[in-house]
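Common to both upcoming complexes is subunit A, partnered first by subunit B, then by subunit C.
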Partner chain A sequence: MRISTKWNTWLTAYLMILPLIGLLTVFAVIPFLYAWYVSFSDWSFYDPWKFVGLKNYRQVLLDPKFTKSVIVGLKFSLYVVPASLILAFLFGHSMRHLRGKSADFVKTSIYIPTIMSGVIASIIFLFIYEYQGGFLNYAVGLLGGDKIAWLSNTKTVLIAIAVPAIWLGFGLTALIMLAGLLDIPESYYEAAELEGAGSFTKMFKITLPLMKNVILFLLVLGFNGSIQELVLPMVMTQGGPLEESQTPSLYIFNHFRDDILMGNTIASAILLFIVCGSVAAVLFRLVNSEKAAD
Partner chain B sequence: MVTGRKNALLWIHYLVCFIVAAAALFPIVWMAIAGFKSKAEVLVTPFRFFPKEWITSNYAMILKDPVFSRSMLITFVGAVIFMFLSIIIASLSAFAFARLEFPFKNTLFVYAIITMFIPGTALLIPIFIVVTKMHLLNTMAGLIIPGIASAGHMFFVRQFYLNIPSQLEEAALIDGSTRFGTYRHIFLPLSYPPFVIIGISSFLGYWNSYIWPVLIITEPKLFQVTQFIGNFRSERSSEEALLMAGGTLTVIPVILVFLFFQKHLVQGIKLSGIK
Partner chain C sequence: MDKKRIVSKTVSSAVLLSLVLTGCSSSNSTDNDGTSAENTAQTNDAAKTNDAGATNGEKPKEKVTTELWVYKFEDYNIDWYTRYVDEYNKTHENHQVNLTVVPGDAWDTKIKAAQAAGNPPDIWNTYYGDIGARQATGQILGLDQYTTPDIWNDLLDNVNKMVSIKGDHYAFPMLVEPSVVLFYRKDLFKEAGLDPEKAPVTWDELFDYAKKLTTGDRFGLQMASKAYDYSWTNWGLQVGHLGHRVISDDWSKATVADEQYLNLLNFYKRFYDAGVVPKESLGGIKALAESKVAMQISGSWEISELRTTYKDMADNVGVAVMPSPDGDYTKATATLGGWTLVVDSKSKHPQEAADFLSWFIGGDPKIMMDFFQKGHFAKFPTRKSVNDLISQDPASANDEWRKLITDKIVQYAASEPLYPWEVSFAFGSAVERSLLTGQDPMESLKQAEKEINDIIKLKELAGTNPALQTQ
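Entry: the complex of A and B
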């Protein structure tokens, strides 16, 4: 009797996890292992598999376009992540003081861009950046500046793509930041005020130290998202001008389209994975060491 | 005097928040309004926010485009199926991992969680190869199945199930309920909060996805909304007002879903225990 109940529980459990484990195996684990296998071969949809050792990796690393795309990706993250975090922090700092209906309204409004698709964001911003008749050049004109071709100028293109990325991600970043800020007990600030602490002291002695973990978490999240950005540059610039906005993911995607040998494409995806993974690992290390210090 | 300064400061906080909110909404509102403009007016110099004359023909025209309305319908149906399947898969496995004991439980749990750390970019093309080999190109199944299993969603529901007290469950087991019976009659009816959150996240994920449909769908009758919009912009680039109207229509369903469930979503950020 007892044994049969135990067996029944086991059977129930295995049946219940089967869909998850099975699908993850087919659509995550196998593709991932397969990617490693393909990266060591000359393989296309039409030819048999042939082992070529590290040839693909060597080719990718020697391809200046790949190196450039990694630099573009890092630059892009450097525009997106700090700007989002600083904006979200300042915004959350103000948001803490809002009450009632206006607080609800503001929260809802800032979250709405987060539920938009990258394609829609790309198209709206394409129009905003339009040389003739776009909103941005109109605003620049009002301030007395000259029109700029935002998306075909190598100096401005990446920043121009970073703005919609910030816009799309801001809602989530800001709400997580706000949740963290609201977790800091009001009494800390009151006590500090009694001791005569000013705004700066409160900011640097209370708010920032207590927010460190939230900020580091958002840093990892933001970095992982922005280094893999694909849709925005794909729709807005196709990577141009002069590959100045070709992010690593777009490089991989373009490569996939142009090159029937999969090994190269997949080797670059794996290299990107290693870059992402190591940066994330370093950042996580920082998070953990911080927790240990608590 | 101190209160005067405090009051001024409070006004500044309000002002900052409302400016940020306006900046967040501006692009979307602009798009919706541009849909009411005549073709020549969308990118007119000097810039004008509101149209000279409000026209509704863009919205009417894009709705009459059979490829567009079909893509809206088919994406919506796909998103709903996707949402339900994700919820079912996450919930079943979450219950087993939260409440049942079985051999290799921890190993299997870690196995599932590890998949969360594989970046999407590294998987995109290998999954495409798998899907090609399964002959799922140009099918709804190819759009839906690869994404429905999510370790993140399972983890989220599991956290919720771990917090449900065990007395009810024990009482039911003594009364002769099976393990699956306790899931069906006790856990499932309580699961509304986590289901809303993973449901919305899967619905939005499906509705907004672009790269995946572009990779595997080439037949116009299976075009997804984002794909339709992307193609429209490269193929009919001179019809800006029509594009804006189409874009607005694709955004309406997600905004409605969001507004309807937003209370639960904000709760979800708290539930997720990020901080």
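Entry: the complex of A and C
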């Protein structure tokens, strides 16, 4: 009887996940294995498949532009992710005790950029950054400064692209952060207050430890999303100037567009996959996830 | 009870899975010929019609469908394609051409996905500089076996060379468009005390004019302003005035770190450092029309927008040859870019595809003349017969801009390079690096030289220039 129940449970579980496994196999596992196979070839879609060993990987790894694109991706993530998390945490914390229609209005408002397309956001920010007649340079002019070519200056370009990225992702990050904060029972804070704990202690002994899993989730999601950013640099700068805004995804797209042979493009995509996986692994290692403390 | 539940769950899951998988594969199914279900239906319908109409007992010829994919350019361009493809379909009962217009930003994704799936269109657009690489990788067909020689004999000599590889023709050239032309505002010239009928012809004159035309809220000149544009807008000058491209003819070594290229880099630097050009692009011809700049160097294709969107401003604009170091317009200053139509090597109906192109691009010159008229002569013919027809039409023949560009630019222009884009981009980056970071120009060129030599080595380019291969 016990064996039969166990068998039933096992069978039910696998039947329930079978469609998902099927879809993942068709749309993720098989394409990944095929991409891995193609990365060892010179493939032009027309000539017969030609095995070239590690040539494509060698080409990508020896290309300083690929290395630079990974560094640009990491720098971009460092601009976007911490700023997003801090802003979202501050927002969530201040929204925590807000109730009623005003809270609903604010939550809806901050979510609007999230549903906006990256292309539209890029165009809006292109208008803001425009060298002659742009809003930002107009403001700089009012303050007596000289015009700045925000998107053509190697020092400002990546920050200029990071701003719309933060803006686009803020709504979702903030709402997840708020949900995490609302999940912390009030009784913990009341008990802490009875024990004489101040705001600082409550923040570092209750809020942050209990938010650890949420922060880890947002950190991994944020890093993976921002290191793979494509639309903003593609529309706003095409990776320039001097490849200072060429993210790894844009590097891959440019090769996809310009190369006749696909091996190089696919090898770079697989290497980017390894980079993203490594970043996620490091983050998991640094911020150990664990079962909620409560 | 448990058994019933298991059977029920098994059946439900199987049905769900099969529905999902069927849903994924039911639409746009392709047959073995690589044609879509929709096309197959059209072909079958046509075959049925032919069967019904057959009276002499002979087996009717099956209707063939070919796919034509073109870039989405200007509206008039698409109207022109639509009109003549419709006309062809109406007059050729055994051949149907399906026109698909693909937006520029979706082109690469769409065509490469189709190629990867082994189902590319029969006929598609490509540019002159791309033909060599497409031919070398077997993507496009040699057309001589499917066409008559008179089509190729009608081509202008320089264009004929641009579509020929190893004695065969690989593309139907539609048009050429000079990559750089100088546009300038006559009213702003007058304001600055300059003769509006006399455009600058040398680099020194261009600099003096730009300085005089620069005011607090207007730049004297707009030209290339980023690495991408520094890479290609000077291809003509490289051939005509520097005497060589950035890579040797046999593609074995970089030839970019020398006095000639130093002069070219310093040409850009002089304007940039003096603040007479914007540090960032202010847009295309719009910037000239809106008086944000007084002179602009861009491709001839801007004429179309000037004569439609900014037609009130067009009389105020002058057109001239791009200035050069010595002002000699008989040496190339521009390249002849432009678009062609090619037949895919996987086409199941190459003869029909070539027949359609012979009728469309290589046939009645009135079809192409209609194209150039609709585009306000922003682009230029590739065939002698079309040029002859235009010269017989007084309104077209007397178009001053067309005449100037035909006589002084098109006939002396160089062809686009065939080497990979990143080779050109190395020089563009050298210019940008020197301008933005202040790196010594020759040091920057030496870095470009190293980059190009690395590309040659990595991509094994030496000796692979298709223009030098005779067999």
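Operating definition for what follows: the second predicted complex is superposed on the first by the 248 of 294 C-alpha atoms of A that agree within 3 Å, B and C clash if a C-alpha of one lies under 4 Å from a C-alpha of the other, contacts with A are read in each partner's own complex, and residues count from 1 in each chain.
Keep this in mind: contacts are C-beta pairs under 8 Å (C-beta built on N, C-alpha and C of every residue); 3 or more make two chains touch, one makes a residue touch a chain.
Since we're looking at a predicted model, the values are computed, not measured.
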item: Which of subunit B and subunit C A:N8 touches, first, second, both or neither; value: both
item: Partner chain in contact with A:D63 - subunit B first, subunit C second, else both or neither; value: second
item: Partner chain(s) touched by A:A192 [first = subunit B, second = subunit C, both, neither]; value: neither
item: Contacts of A:L286 with subunit B and subunit C, given as first, second, both or neither; value: neither
item: Greater subunit A contact set [subunit C / subunit B]; value: B
item: Partner chain(s) touched by A:Q132 [first = subunit B, second = subunit C, both, neither]; value: both
item: Partner chain(s) touched by A:I159 [first = subunit B, second = subunit C, both, neither]; value: neither
item: Which superposed partner A:A149 touches (first subunit B, second subunit C, both, neither); value: second
item: First (subunit B), second (subunit C), both or neither touched by A:G118; value: first
item: Touched partner set for A:I206, first subunit B, second subunit C, both or neither; value: neither
item: Set of subunit A residues, in rising order, touched by both subunit B and subunit C; value: 8, 12, 16, 19, 22-23, 26, 45, 130, 132, 256, 262
item: Subunit C residues touching subunit A - in the complex, by the definition given at the top; value: 2, 5-6, 9-10, 13, 16-17, 20-21, 24, 108, 112, 115-116, 118, 120, 133-134, 136-139, 217, 225-228, 278-280, 282, 292, 345-346, 420-422, 429, 432-433, 436-437, 454, 458-459
item: In the complex with subunit C, residue positions of subunit A that touch it; value: 4, 8, 11-12, 15-16, 18-19, 22-23, 26, 44-47, 59, 62-63, 130-132, 149, 151-154, 238, 240-243, 256-258, 260-262
item: Interfacial residue positions of subunit A with respect to subunit B in the complex; value: 8-10, 12-14, 16-17, 19-24, 26-32, 34-35, 38, 45, 87, 90-91, 94-98, 102, 105-113, 115-121, 123-128, 130, 132-135, 138, 141, 167, 170-171, 175-176, 179-180, 183, 213-214, 217, 224, 228, 230-231, 234-235, 248-249, 252-253, 256, 262, 265-266, 269-270, 272-273, 276-277
item: Touching residues (chain side subunit B, partner subunit A) in the complex; value: 10, 12-14, 16-18, 20-22, 24-25, 27-28, 30-31, 34, 42-47, 88-90, 92-93, 95-97, 100-103, 105, 108, 111-112, 115, 117-127, 129-130, 132, 145-149, 151, 154, 178-180, 183, 204, 207-211, 226, 229-230, 233, 240, 243-244, 247, 250-251, 254-255, 258-259, 262, 265-266, 269-270, 274-275
